[in-house]
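For reference, the structure discussed in these notes is given below.
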Amino acid sequence: MSMHDTQNERDNRRIPINKVGIKHLVYPIMVLDRENKTQPTVADISLYVDLPHHYKGTHMSRFVEVVNEHRGLVSLRSIEAILGSIVERFDSLTAHLEIRFPYFVEKSAPVSGARSLMNYNCAFLASLDRRARRRAAMDLIVEVAVPVATLCPCSKDISSAGAHNQRSQVIIRTRSAALVWIEELIGLAEDSASSGLYALLKRADEKHVTEHAYQHPRFAEDVARMVAQRLCADKRVIWFQVESENSESIHNHNAYAMIEGAGPAAQRRRKRP
Amino acid sequence: MSMHDTQNERDNRRIPINKVGIKHLVYPIMVLDRENKTQPTVADISLYVDLPHHYKGTHMSRFVEVVNEHRGLVSLRSIEAILGSIVERFDSLTAHLEIRFPYFVEKSAPVSGARSLMNYNCAFLASLDRRARRRAAMDLIVEVAVPVATLCPCSKDISSAGAHNQRSQVIIRTRSAALVWIEELIGLAEDSASSGLYALLKRADEKHVTEHAYQHPRFAEDVARMVAQRLCADKRVIWFQVESENSESIHNHNAYAMIEGAGPAAQRRRKRP
Amino acid sequence: MSMHDTQNERDNRRIPINKVGIKHLVYPIMVLDRENKTQPTVADISLYVDLPHHYKGTHMSRFVEVVNEHRGLVSLRSIEAILGSIVERFDSLTAHLEIRFPYFVEKSAPVSGARSLMNYNCAFLASLDRRARRRAAMDLIVEVAVPVATLCPCSKDISSAGAHNQRSQVIIRTRSAALVWIEELIGLAEDSASSGLYALLKRADEKHVTEHAYQHPRFAEDVARMVAQRLCADKRVIWFQVESENSESIHNHNAYAMIEGAGPAAQRRRKRP
Amino acid sequence: MSMHDTQNERDNRRIPINKVGIKHLVYPIMVLDRENKTQPTVADISLYVDLPHHYKGTHMSRFVEVVNEHRGLVSLRSIEAILGSIVERFDSLTAHLEIRFPYFVEKSAPVSGARSLMNYNCAFLASLDRRARRRAAMDLIVEVAVPVATLCPCSKDISSAGAHNQRSQVIIRTRSAALVWIEELIGLAEDSASSGLYALLKRADEKHVTEHAYQHPRFAEDVARMVAQRLCADKRVIWFQVESENSESIHNHNAYAMIEGAGPAAQRRRKRP
């Protein structure tokens, strides 16, 4: 049976489409894990290509076929393979892949050493552009959202006792010239906050975390700057963006700071001929 | 033109439907305001009836017509009128109405007196049952979600300085024999927490709020109990439920407490013949 | 070092708490899978106990310890073990566990047979009550949310061509006297709708799904009734609730129907002495 | 009493902050309405400034003061005034304002003429940069999210009867050299889809909408292109982005298309010396 292929019809509006594809395909995946080699998780996947002006539509089912074929391990290598398959199968100039997933890290409570898992929402945002001349044609942004605690320096300074503190979220996005582990970015965010969070804290741990936070007050601005400072000094980093957002315990709105910048690898890249 | 009325067809499956209707109709409304008489806001409205087993379907457009006719002021009186119109127009035994909306209260900062608006998510959950014999056949639950700050008593007790605190949410639901203002339930929740929240706090206010919270540590359990205690003593209250949920600043999960109970008006009601 | 145990203090307000515990602990779990024995997924877990009036607070960290100890396979057996551990460790009368997780089923497209995974949001809602006399003291509700397509019978009837259709969600909750697989409830919802959904459909499949939906028009009311009819006839079912909600393609609000009822196993249970 | 001003302390990390401010302040506002002059609604407001490297922190309460002072009508003029107040009060180079709100338009059903309100999520995204030399230093993006129906051309072509269709969302963002009404962008999106949505449709309207959608099949790609085509021809338009996303009724994931481009006013602007 030969069915009419509506998508392959000619389009005469002369308007190319920047991105066309599928959003929010929920799929189980395996990701690389620094401690345990791999960990299973559940991903929200979006995939796009550009569409030249003369095609009426794209074949959305092919995106799912590609995800299905590469299902299993999601790594830098497989992301590049997925994007490669896509530009080939769609005969497109560009391909874009967004994979969002919770990632688990086993942490020890600071005093008792009690072990538990913390979840961090991570993403790989990857693009391939056939027109790019360099070998490393894939552009990859790694994104990690780290829940932390922040204690307000101003509130501490002006109050006779206590200081307002709250759950905050630090989002770090990086492009890098060499592998930066998710665990490294998590550590960076947690070190820059008043305290990291834990799923399991015994009484002695809670005392430690409370006192540590009180001794390390941080504005949203401080957290963003401390993360930025270390990314600026990391030779692997090409580009970064850090967002810090506090669910203020004294307000019903949030405090926010964002810094975007270039890392040392960007400078090296520019210096090369 | 006479079109076939599919919904009016006979259904032979002999299965009545408990609730059938529309969900999430977004509509502008006016609500009663203790200070300013009325305030405009935006509501998310759901409306249901029961459907006897012999009808195939309901006429969903009629729900929107009823909302449209009563658009304008949403008050206890208009809610009863809406439910009355619905049971009549649908020839149903029961009708249910859920109206969710943000409600704004002007607050003065505790020291500077600086004025600003705080938003509270509120709801009216109303039902009418024709089979009920009593005159007050409408059942109405008023729901108010109040963001507050809670400071952990345990963290304060065991730590040399500071105490973890966070934004929390207190949800109060009541059935009452006489009008209870939204503003009263908000006050009840804020008084029971370590501190209320404000959109605008100057430096002196922030000092006050911080110190007040440190002097009034509250577990989620405490907040729920303090609200329950006062509702148990309020002669207007027939039934209540209070939920208290802390977005813990030391964990990535929440602490939660819930109490459900009867108020004095329930006892009076039972005593009557 | 002996730290003061604030939670163990005596509380004199004489108000017991219905539920106290933790909400939204995100944890990786393994669940039973009819085809592949087990599948890894990511859960959102809440755990509660009741708190007698004389205790000031509960020890929230113990909930996480219990989850951590039982981490791994989540099955009917392990859920009962978790609840058993909790009532013992907290010395409570009741314990409640809510586990929500996406669950994946491999499906074949109806014509091409192309295989892909579909995700369904599922939950186990379990309670244990020490005061219950019967041996099967655990109450368990299995909840499955099934995305489906519904095509409007009225729109089909009155229109010269076409009929509005849309993505809908069917939520089934059951208590049962014997194991009902998640896959069975998914099948029940998909059979009752105009069509099930697929991650991957080739052209011939899309034709089949479109025509099948056109030949099987369903109101939200129909879907709820067809599911209810089959649950009413399933000897294992004690209780059920089915919700059907259409993201109407002609409105910006949803159409909704809900039926709650008893299954054959409830009747058998009542007949027993 | 003179309290220490922590935010005004000198910061030696030499890292300027791109954006610092408040997010998600919920406030009642009035917006301009083409038919009724103004309409009340509820906004989610975010406000940021840049922070030079030598300041430790910003004074978050000032943002709320500015919102409070300008509370009332939100128009192009008042947005510019808010941004002007902010750069002055914070002594910053840039200021950013995001206001998101539901906006209501009264629509008549296509056959019966029955009137009802439809809600559209809109936003003003405005920035002021003191370093910009031109008089029109404020950059303003108007964003409108329009829920529509789309009917799949491929499904219609290959099927003997019917065609899958669904609720979709069209998001249009524009920068313009002269006022473009929200109502115009809504009309543009609705005209480009298979059909617009209505809160209230009687039987004859439902027939009309169903048949109209069947006669106007549209891929996500088509919708994006048709909107783009008209914005490309609108002399007021400087820049636009259009996103079209279908909640596919045959899949549990969405189909998506996005076009970004320049309008005629951009060309005029470039031609000027």
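Labels A, B, C and D are assigned to the chains in the order they are written; within every chain, residues are numbered from 1.
In the analysis below, a contact is a pair of C-beta atoms (placed from the backbone, for glycine too) under 8 Å apart; a residue touches a chain by one contact, two chains touch by 3 or more.
Please read all numbers here as calculations on a predicted model, not as lab measurements.
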Shared chain contacts [subunit A and subunit B, defined touch]: C, D
Recurring contact interface, reference B-D, options A-C, A-B or C-D [over half identical by residue number]: A-C
Greatest separation from subunit A - chain, by CA centre: B
Chain pair with more C-beta contacts, A-D versus A-C: A-D
Approximate Å spacing (C-alpha centroids) for the pair subunit C, subunit D: 37
Chain centre separation in whole Å, for subunit D relative to subunit A (CA means): 25
Subunit A and subunit C: spacing of chain centres that average the CA atoms, whole Å: 30
Subunit D residues counted as touching two or more neighbouring chains: 3, 25-26, 64, 119, 154, 158, 199, 201, 203, 207, 251-253
Subunit D partner contacts - residues on subunit C that touch it in the complex: 118-119, 147, 149, 151, 154-156, 158-167, 195, 197-199, 201, 203, 206-207, 209-211, 213-214, 247-253
In the complex with subunit B, residue positions of subunit C that touch it: 3-4, 6-7, 11, 13, 15-26, 46, 48, 51, 56-58, 60, 64, 153-154, 157-158, 219-222, 224-226, 228-229, 232, 245, 251-261
Contact set on subunit A toward subunit C in their complex: 1, 3, 5, 25-28, 39-42, 61, 64-65, 68, 71, 102, 104, 114-117, 119, 199-204, 207
